[in-house]
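Reading through the structure tokens given below for one structure.
Should a chain be cited, it is by its letter among A, B, C, D and E, assigned in written order, with residues numbered from 1 in that chain.
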Amino acid sequence: STSTPDAQSQASPETSDERLQVIATFLPMYLFTKAIAGDAADVEVLIQPGTEVHDYQSTPEDVRAIAEADVLVQNGLNMEEFLDSTIDSAQNSELVVINASENIDPVGELSPVVFPTEESGEAHDHGESEAAEHSHGEETHSHGEETAAGEADHSHGEETAAASESDPDHAEETVAAGEATAADDHAHDHEGESAGGFHTHAENPHVWLDPVLAVRQVETIRDGLIEADPNNAETYEANAAAYIEELQALNAEFEQRLGAYSDRTFISFHDAFPYLAERYDLQQVAIVAIPEDSLSPTDIQQTVEVVKEYDVKALFGEPGVDNRLLQSLSQDLGVELQTLDSLESGELDPQYYFTAMNQNLEALETAFQ
Amino acid sequence: MNSDPPDAAIAPHLCSKPVTPVLKVENLTVYQGTYAAVESVSFELPAGTNTAVVGPNGAGKSTLVQAILGLLPFAAGSVEILGCPLARLGNLRYQVGYIPQNFIFDRGFPLSVSELVGLGWVNHRLSNSSQLPSFPRWRMVLPWQTSYRKAAAIAQAMERVDVYHLRDRAIGNLSGGQLKRVLLAHCLVMSRRLLVLDEALAGVDLQGEADFYTLLNQLKREHGWTVLQVSHDLDMVSRHCDRVLCLNRHLVCQGQPEEALSPQNLLNAYGPSFSRYQHQH
Amino acid sequence: MNSDPPDAAIAPHLCSKPVTPVLKVENLTVYQGTYAAVESVSFELPAGTNTAVVGPNGAGKSTLVQAILGLLPFAAGSVEILGCPLARLGNLRYQVGYIPQNFIFDRGFPLSVSELVGLGWVNHRLSNSSQLPSFPRWRMVLPWQTSYRKAAAIAQAMERVDVYHLRDRAIGNLSGGQLKRVLLAHCLVMSRRLLVLDEALAGVDLQGEADFYTLLNQLKREHGWTVLQVSHDLDMVSRHCDRVLCLNRHLVCQGQPEEALSPQNLLNAYGPSFSRYQHQH
Amino acid sequence: MQNLIELLQFPFMQRAIAGGILLGLLGGLLGCFVTLRQLSFFSHAVGHAALVGIALGVLLQLPLNSMLLPFTLVFGLVVLYLIDQTDLWSDNVLSIVLSGALATGVILTSFIQGYRGNLMGILFGDILAINYADLILTGLLFLGSSIFLLLTLDQQILLTLNQAIAKVQGISVQLHRYLFVILLSLSVAVSIKAVGILLVNAFLVIPASTAKLVSHQFTKFLWLSLILGVLSSIAGMLASGVFDFASGPSIVLVQFIFFLAFLGFSKLNRKNSETLKKR
Amino acid sequence: MQNLIELLQFPFMQRAIAGGILLGLLGGLLGCFVTLRQLSFFSHAVGHAALVGIALGVLLQLPLNSMLLPFTLVFGLVVLYLIDQTDLWSDNVLSIVLSGALATGVILTSFIQGYRGNLMGILFGDILAINYADLILTGLLFLGSSIFLLLTLDQQILLTLNQAIAKVQGISVQLHRYLFVILLSLSVAVSIKAVGILLVNAFLVIPASTAKLVSHQFTKFLWLSLILGVLSSIAGMLASGVFDFASGPSIVLVQFIFFLAFLGFSKLNRKNSETLKKR
């Protein structure tokens, strides 16, 4: 059997109608893309919400959809790494891949999963810990760039520039802090690099949970769509603008409502909210990095200490997951068990983002009261 | 002493009549896969007899024995043990001892010889070990109450087949003949009404064989045990058994060893080429 | 015709000298776990003899045989087969046939009788089947070139032990005796210099046993096969074997059946209580 | 050390150790028969195959927790039925049913629209997350199992050793086998939710196999298996406190080390006595 | 139907079918010995245990893809060694080594700095994502395996049936066993990356077991196993095209259905002939 690029190039024009065919990899990407595209393009989600990402096995229709699609929207930051070979397999040379996180500076270091006891006093001084995070973030990122050369060729400088544009204060702080700690953390940096040498999820991919970065993602997707389908540029602009406005309103709401609290430490089960935490000066304490991790007693001991020290009112699980650890911890400590939605599954309606994030906001408020 | 009538009295089993054959097989037909390995075989075993089943390889001897014990389903016919159809035998089942032709087991099984022998012991109210004084019948028997009797019975059984020195050995470490002896001890550990032995003595040495026949003879006479054994050793059979069944799918003949093992009958059972053996003997 | 000298000539094996015993065991000591099951046993088997190993259960007969064949490591002593130490036997190994006391296998193994018998055939340039005309020696033999010879040899071997009618049967569906016969056929499918049988005839019916002894006799006389067999059937042994080894951890005695199986020797081998058997006989 | 003592004062740590001990007992007891009946992969297979149960639960809108137990039971019964009906080895059947169920599960999940939550999450218990209800359930299960198994110990051994002889001795072989698988399924269902699939499988297999390496008697085997189960739980928890390792895997590692140590010991023993005798 | 024909024109579909056929052949061939040697859980266990290899790879900064193969080999050899050294059943040993390795892997991963996501991603291949390199590798492996296994077929059968007899006949039992496990490890390593753990396990176990149900001859068994492997791949791929099911699981489901059908057929056959004979 010969490879048949002809068969494929015949097939694509036949089946694709005049509208742009867009595939979003998983829920948040679908929500953003759908919001931008509206009715101007066909948007499909590849991984149905609720499917465990690693249980995902493609159907021929899925691959065919990729083969015939014009645009694929993915979160990037290795979130969809396991899809790479499937996308290759579809052999769609005309496919435009929009990497929604390409303008975003990822967090590579872990959130303080393990919360060092001796430092717990200083931890109020979030500036420092944040700075540490940033320096690691950059380190890992630059490394990632070297290897992922082909697809996203944006220079590092441009990226950070873009970042500082949209949020000048924050960016300044970032750069300054990064410089300040670069020398001190030298030894640690090497460890960071060793993790970077391993290219699966070296960066935390949960970008979409920060409304400001979500705006960035929406913009990236919008630009990508416009490039792929200039005819509908206005529609995309308009839809995106409306959605961004909503996101900004959401951001404002978050800032305003969370600003009222002084102790802003919250405990999540896995490390899904570092971007959100960073945005609103919250302190996320994650018990484990990824949900499949096993626990050591010290992890829990430190969690308990954090709860006591910061008088945390709530622990956060994820909706639909019966998390027994959080249940028994909340019973032991007499704190509430709330849910914080990481939006990896949910309803296929662009407005769902706001519903879920508002619920998250309320949940956080109860924790800080 | 003859076949223990008291047993029947303690166990007021619906189907046990005063004078029944220990085993009654009627018109039994058994399939192995699609092959009728045993066809319409009928016979009876009176209590206190030692009956041998002989026949060439593949004659259906093991099949017959397994069907009688309920290990193989049968297509037609009926089997009654102690006057009961197989399915309703219930608690009397432990009064039947069995040694299969191939005892297949996991060589790494962590089980000692004395434990294996002890597994033959059933802690049952009705158990009326003839070797030991029977205890009051109205009392519930709890496991620990019989433990000294059990230990004694195990020791005695092991001594009878001369494996007492192997008592703490793992069963996976026994030689072929030692294992056969241990299985015999397993059957001897308590009183049985029927002993079904499928080539149980193949692989046991001369001495063990002779001892065991002597023992069987004693148990048969003194305690009314009934024995059904499959064997290829016609010499031993004709010397020690009361009756012989010649099987070759059908029951070719049955009767006293002298008549059943007559050259003509053997010819019928083993086929025309059997004469060769007769010559050599 | 005596032990095939040509074979040795084709295989210029370093260790094969013109007149060597087929098997030479010297001072062999073998442990089973921590127990010395065989202690300093020495003997030789000249070509073309049928030797029996007898002894009580647990005497170490199977242990001895397994150590000779390299299935068990031995603590001391030496074994030479066809003049070669075991480890250097190499390609001559297929000239040894073996039937274990217990042939343990997966009953669901999808293998037919004729396939199992065929597994005994080794497609070797040096294979010099005495039943079939030997083919030119200078040619490379490819598998398909021998297939007709192989098929014929398989059929002949199955007929010799009377299992030809079972040829397409799965080996898991055989009766105990039928399986033993099939294993014998497996050994007979090609010419062997040494046949080691560990109670290979236990479970085979009278006719099969007699036939097989006749066959062995013929192979021994006509083709110089050498046989080492373990058996508990002293009658058969004294009737058919040339030599007897009495084993009870040590080699108690060896010699012609008449002398080796004398009451005194048996008493030594089987221990003092053996007299009982002697009485009954 | 200091830290360890502090840790031991936390209720979660106390619960985890208690849970480890109970599971060590339960696993050690059931494991004796699990290893001998070649069901080593039962819990593992059930754990994976549970996807189909959970997916069905979502599709039929039944509460998820209520699905695990019936599914485990059905899985166990199907496996046993297939073992009875075929000539195949148990591990073979387990593997087939596992694959079939997992494939069905994956296909079923594609019919689930907009479900929120992690389907397999239900299986990832962690011994540090064990709660009092789990402890009580496990305790009850251990009590029930030990009563059932010890009262019928002779029957259980005999039917594991050789079914033909067991049947002739009047043991209801099928009944006992099915009861055992039901017991096993119950235990697996309860403990997988409590401590996760890795740990359940290890508790059921490793202590009993270790005991099997050195035992020639069933009673010794049983006791050793129980003792090893309990000891490795305690040692594993303490090690995980001292070295700050994940607790579940630490326990498994301790069990594995015990296994290797016993293996080495038994080899060494044999070697020694052989060389002794050689002289 | 229409849709199916369209789908078949896509190269990914053609590759997947070709891959399915090759895997059906490779799995069917190796599976014959895998089922008979009680290694049904080998691929599954290796798949899980690979975590330790992956974690080591990350920690030692080695490229991950290069870790899977050596790890699989080492795993296979360790398992075989332990089977040789103990009285335990193969599935028992597999289960123990799986648990030990997985626990070690989990603990090792905790030494990895930074966010690490799911390390097992490498094991979740998808048959629709198979590429030409995979196809060629699988083809070569099949060629190599069939040459090796068919040339030594008699030896392989004999040593699987009974090691003592095989040894006496001059077969280097240990050598052949180790070679086979190396071959198996190679195949598993190559195909797990290509099609994922679920499918590899199914290909190695289900067609061969199905063939075993109805075969009384080894040659028939071997052929049937190969044919079933190939047929179920094709049927599964077509079904997944028609019903829009995930392709890998569809193949497994077809294999499972074949298994049940053959089981029912063999039972029915026996029943029929029995009732016939009864009259």
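The criterion applied here is as follows: a contact is a pair of C-beta atoms (placed from the backbone, for glycine too) under 8 Å apart; a residue touches a chain by one contact, two chains touch by 3 or more.
It should be emphasised that the depicted structure is a prediction, and the values quoted were computed from it without experimental measurement.
Novice: Determine the set of chains touching chain B that also touch chain D.
Specialist: Shared contacts of chain B and chain D: C, E.
Novice: By that same contact rule, can you tell me which chains touch chain B and chain E alike?
Specialist: C, D
Novice: Measuring between Cα centroids, what's the chain most distant from chain E?
Specialist: B
Novice: Since chain B and chain C are copies that touch, just let me know if over half of their interface numbering is common to both, same, or not, different.
Specialist: Both copies touch with mostly the same residues.
Novice: Centroid from C-alpha atoms only, then distance chain B to chain C, rounded to Å. What do you get?
Specialist: 33
Novice: For chain A and chain E, let me know how many angstrom lie between their CA-based centres, rounded off.
Specialist: 37
Novice: Hey, how far is the Cα centre of chain A from the one of chain B, in Å?
Specialist: Using C-alpha averages as centres, the distance is 75 Å.
Novice: Rounded to a whole Å, what is the gap between the Cα centroids of chain C and chain D?
Specialist: 46
Novice: Going through chain A residue by residue, note those that touch at least 2 other chains and give them in order.
Specialist: Expected reply: 57, 59, 292-294, 296.
Novice: Two or more other chains touching the same residue: where does that happen in chain D?
Specialist: 86-89, 106, 110, 198, 212, 245-246, 248-250
Novice: Going by the touch rule set out above, which residues of chain C reach two or more other chains?
Specialist: As it turns out, chain C has residues touching two or more other chains at 33, 104, 106, 108, 173.
Novice: Each pair of chains that touch: what are they?
Specialist: Touch list across chains, by label: A-D, A-E, B-C, B-D, B-E, C-D, C-E, D-E.
Novice: Where on chain D is chain E touching in the complex?
Specialist: 35, 38, 40-41, 44, 82, 85-96, 98-100, 102-104, 106-107, 110, 198, 201-202, 205-206, 209, 212-213, 245-246, 248-250, 252-253, 255-256, 259, 263, 267
Novice: Quick one: in the complex, what on chain B touches chain C?
Specialist: These residues of chain B touch chain C: 32-33, 55-58, 62, 101-102, 104, 166, 173-178, 180-181, 199, 202-211, 214, 232-235, 239, 270-271, 273-274, 276-277, 280.
Novice: Touching chain A in the complex: which residues of chain D?
Specialist: 3, 6-7, 10-13, 15-16, 51, 58, 64-65, 105-106, 109-110, 112-122, 124-126, 128-131, 193-194, 196, 198, 237, 240-241, 244-250
Novice: Flag every residue of chain A that touches chain E in the complex, lowest number first.
Specialist: Listed in rising order, the residues of chain A that touch chain E are 1, 3-5, 7-8, 10-11, 15, 53-54, 56-64, 67, 78, 81-82, 85-86, 88-91, 107-110, 136, 140, 191-192, 194-198, 200-205, 271, 289-290, 292-294, 296.
Novice: Which bits of chain E are touching chain B when the two form their complex?
Specialist: Residues of chain E touching chain B: 86-89, 270, 273-274, 277-278.
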